[in-house]
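Once you scroll down, you'll see the structures, which are given as C-alpha cells.
Both of the next two complexes hold chain A, though its partner changes from chain B to chain C.
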Partner chain A sequence: MASFARYLRFVVGALAFSFMVALSMPAMAQQPSQVDPAARAVHEQQLLKEFDRIQGRVTIPDKRSDVLEQPAGREWQYFHSVTLRWIGGIAILGMLAVLVAFYLTRGMVRIQTGRSGRTIVRFSGFERFVHWMTAVCFVILGISGLNITFGRPLLLPLIGFDAFSEWSQWAKYAHNYLSFPFTIGVILIFLMWLAGNIPNKVDVEWLKRGGGIVGEGHPPAYRFNAGQKAIYWIVVLGGGAVAITGYQLMFPFYVTNIEGMQLAQAVHAIVSVLFIAVMLAHIYIGTIGMEGAFEAMGEGTVDLNWAKEHHSLWLDEESARTGTGNVRHQPSSTPAE
Partner chain B sequence: MARMKFLCDADRCIECNACVTACKNENEVPWGINRRRVVTINDGKPGERSISMACMHCTDAPCQAVCPVNCFYTTEDGVVLHSKDLCIGCGYCFYACPFGAPQYPKVGNFGSRGKMDKCTFCAGGPEADGSKAEYEKYGANRLAEGKLPLCAEMCSTKSLLAGDGEIIAQIYKERVTKRGYGSGAWGWKTAYRETIAS
Partner chain C sequence: MKAFLLACCCTVIIALVAVGSLNVFQEPVSVAFSTSGVRL
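Presenting the complex of A and B:
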C-alpha cells in the first residue's frame, strides 16, 4: 500500500510539473522580445562619439587608469611623428637658409664710421651673467629637446640603439634639471629689462626703416630697438610658455588629464622649435651678423661709434645722465679700423 | 603566423578581476603596476558594462611610432614588445597609447619614471625565450611554451579571449549569433582598424 501511495504521489507530482512547464512555455518563448539584456547596454562607438574618450570606474588606486580608451592618442602620435617634424624642420632649416642667404648678400653690418676707440658700458656684470646663464641653458635644452623629436631619424642610425639610448637618458636629465636655471633666467630677464622694452613711437619709425639692417642708414633707437624688443618679448612669452608646459610634462597628471598632457606637449614642442628658430637669428646678429655687437654681452661695453649708430637716443640719455664720466678712453686695446 | 589579439566580450565580463590577479601573479608584476585592469562604464546604472583592458598590441602601434629611442618592436605574431634596456622613461608612449597600457614604476617627478612596463601578451621581451633575465624584466613567456596569456585562460566567464585574431573573432561572432546580441569588440576599431560585424 505504501508503495502505491508513493507511486500515486509521483504521478500527481509529475502531472503537476508538466502542467506548470506547459503553462510557462509561452512566457519563455516570448522572453527575448520582452527582455533584451543588451537593450540599454553602453556602446563603444556611441560613447566615443559623445565624449572623445571612454572613462569609467576602476578598483585600483591609479585613477588615471579609469580612461578605458582615448583614440586621440593616435592623433597625438601623428602630430609628434609627422606634423611636429615638418614644423620644426621648416622653421629651423628655413631660418638657417635665410641667415646664410642674408650673410652672403649683406655680409657683416660694419660700424660705418669705424671704431672710435672709446667705449661705453652697455650691460652690467649681473645682466651679462643672467644672459649667459639663460643662454647656456637654452642651448642645452634646445639640443636635448630636439633630440626627442629628431634624434630617432637623424642620430640613432649613426650611433646605434644602445649609445643613442644612453645619450638620450642623459639628455633627458639635463633637460629636466636645467629647466630650473633657465626659468629663473627668463624671470630675471623679464624683470631687469622690462623698462627698456615697452614699445613706443620710436619703434614704429625703426620698423618703417627696416631697422637699418634691411634698408639704408641707422634709424634712432633707445637702449633697445624694436628688433631687440621683439626678441625680449619672444623670450619672455615663449620662455614662459615652454616653462609652464614643461613643468606640466615634468610633473605629469598633477594638474591635468591625458588630454591636457597631450596639449601641453604639443604647445611645448611647437613654441620650442619656433623659439629655437628665432634664437638662431638672435645668435647670428649678435656674432657674425654685426660688427661690435658681441662685445656688448661679452665684455659689457660697446664702442662709442657703435652706440651712436645703433642706439643714438640711448647714448644721448647716457651722456646727459653721466656727463662723459661713463665713457672710457681705450687708446691701445681697440685699434681703429 | 597568427596575428595575436585580445577581445573582451563586455556582455560576459562580471568584473571579477581574476584576469588582473592572474596577470600580476604570472608575471610577478611589481606593486603599483597594473598591466591589465577592469574598467566599469556607467557603474551602477542600467546597461553598465565592464571591460578588461591591457595593451591591445595595436596594428601600427602608436607607442612604437612615438618612442624617441625606438625601443618597441612587433613580433611575427603581431605582439608589440619593448626593450627595458633602451627605454628612457620619457612617458610619451602613455600619451600616445589609446588604451592607457604603459605603466611606470615611479611617480614621475623630474622625469624619473623608471623603465616602462606593459602587457607582453605573455610573450616576454628581447632576451632569450624563457631566460631568467627575460622573466625578471618582462615576466612569463607563455607564448614560447605554446600557451596563451594567462588572463584570458583564467577568465571565469570566458569573456576575455586571447589568441589568433581570426579565431577569436569567429568565436565572438558565433556567440553573438547564438545569443542574439553583442556590444561589439571594444577597442578593435582603434587598435586594429577593424570591427567584428555581428
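Presenting the complex of A and C:
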C-alpha cells in the first residue's frame, strides 16, 4: 500500500511538472531565447549598434524630439568643441603670423615710379557699394560666427555669464539677419565681376613671377590679376557654400534631417574659418600691404602709375577704349598710409 | 565714403526686411514645440 502511495505521488508529480512545462512553452516561444527582457539587460551600446539612435515617444508636436541619443551627435559635438577650434585657430592665427612676418620682411609694396598725380577710375560707385555691403556683412558675420566657436573658452571667462549671454544673443541675431545682405552681395559680386575673373594664360605668368609681391618688377595683368581672381572665386564659392549651409541651419529640418544639419554645420564652420583666414590676407593687401590699393575701393580711382605697375594690360584696354577721358588730374599726390 | 555709408544703410534695411520675413515663415518656439496640454 505504501509503495502504491509512493507510485501515485510520483505520477502526480510528473504530471504536474509536465503541465507546468506545457504552460510555459507558449511564453518561451514568444521571446527570442537570447534576449533578457529585464531592463538591466538592455545595454546602450548594443542598442546604438543595432539602430543608429535611441528613440522614445513624445506627446509634443515635434516628433523629432523623441530621439534621446544619436551617436553621430557625439562625433559632431567633438568636432564642434575640439577639432573645429584647432582648425580655426591654426588657420586664422597662422595667417596672422604669416602676414606679420611678411610685413616685417617685405614691408609695404610701394609704387616704384612714385605717384603721377593723375588717377583713373578703377571701380564704379555701384561696384564699391556692393563690395562694402558684402564686406561689412562679412566682418560682422565672421566675428559673430567666431563667437559661436571660440566665445565660450575665450570670451566668457573675461566678461562673465551675463554679458556673454547678452552679447551672444545679439550676435546670433546679427548672424542670422545679416546673412541676407551678405548673400545678395555675393550674388552681385558673382554677376558683376564674372567676365573679368575667367582664368587665362596671363595668370600663369603672373603666378610664375609671384605677382610682383615677391621679388622685383610687376607682371602684366588685366583688370584682375591671378591673386584677385583667386579671391573672387573663394568669395563666390566659399560665400555660396556658407550661405547654402547657413540657410540649412537657419531653417532646421526644412530640407534635411539631423545628420544633414550636422554635416551642414561642419561644412559651414570649416569653410568659414578658412574664408576668414583668406580675407585677412585680402584686407592686408588692400590696406597696409600695398600703396595705393585702398584708394581703388575707397575713392574708386587709382594712380596712373599704380595702374601701370599692377594692371598694365587693363590700363592699355582702358586707354584704347576711353582715350584720356577716364584719367583725372589730382591737385596733389596723397600717400596711402 | 559715400558708397560705404550707402552700403551700411542698405545692409540694415535688408536685415530688417529679413527680420520681418523670417517671423512670417518660421513659427515662434512657443507655438512650434507646444500643444494645448504642454507649454514649453
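Simple rule for what comes next: the second predicted complex is superposed on the first by the 265 of 337 C-alpha atoms of A that agree within 3 Å, B and C clash if a C-alpha of one lies under 4 Å from a C-alpha of the other, contacts with A are read in each partner's own complex, and residues count from 1 in each chain.
Here is the rule we go by: contacts are C-beta pairs under 8 Å (C-beta built on N, C-alpha and C of every residue); 3 or more make two chains touch, one makes a residue touch a chain.
In this text, all values refer to a predicted model and were calculated from it rather than measured experimentally.
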{"item": "Chain B versus chain C as contact partner of A:Val136, first or second or both or neither", "value": "second"}
{"item": "Which superposed partner A:Lys172 touches (first chain B, second chain C, both, neither)", "value": "first"}
{"item": "Touched partner set for A:Gln265, first chain B, second chain C, both or neither", "value": "first"}
{"item": "Touched partner set for A:Ile60, first chain B, second chain C, both or neither", "value": "both"}
{"item": "Touched partner set for A:Ala195, first chain B, second chain C, both or neither", "value": "neither"}
{"item": "Larger contact residue set on chain A - chain B or chain C", "value": "B"}
{"item": "Contacts of A:Gly125 with chain B and chain C, given as first, second, both or neither", "value": "second"}
{"item": "Which superposed partner A:Gly151 touches (first chain B, second chain C, both, neither)", "value": "first"}
{"item": "Which of chain B and chain C A:Pro181 touches, first, second, both or neither", "value": "second"}
{"item": "Contacts of A:Ala320 with chain B and chain C, given as first, second, both or neither", "value": "neither"}
{"item": "Those residues of chain A which chain B touches in one complex and chain C touches in the other", "value": "59-62, 65, 176-177, 250-251"}
{"item": "Of all residues in chain A, those that touch chain B in their complex", "value": "32, 36-45, 47, 54-62, 64-74, 76-77, 80-81, 147-149, 151-152, 156, 161-162, 164-165, 168-169, 172-173, 175-177, 249-253, 258, 261-262, 265"}
{"item": "Touching residues (chain side chain B, partner chain A) in the complex", "value": "10-11, 17, 20, 32, 34, 37-43, 46-49, 51, 53, 62-63, 65-71, 83, 85-92, 94-100, 108-111, 180-184, 186-187, 189-190"}
{"item": "Complex interface listing, chain A residues touching chain C", "value": "59-62, 65, 125, 128-133, 135-137, 174, 176-181, 184, 250-251, 298, 300"}
{"item": "Residues on chain C engaged by chain A in the complex (per definition of touch)", "value": "1-4, 6-8, 10-11, 14-19, 22, 25-26, 32-35, 37-38, 40"}
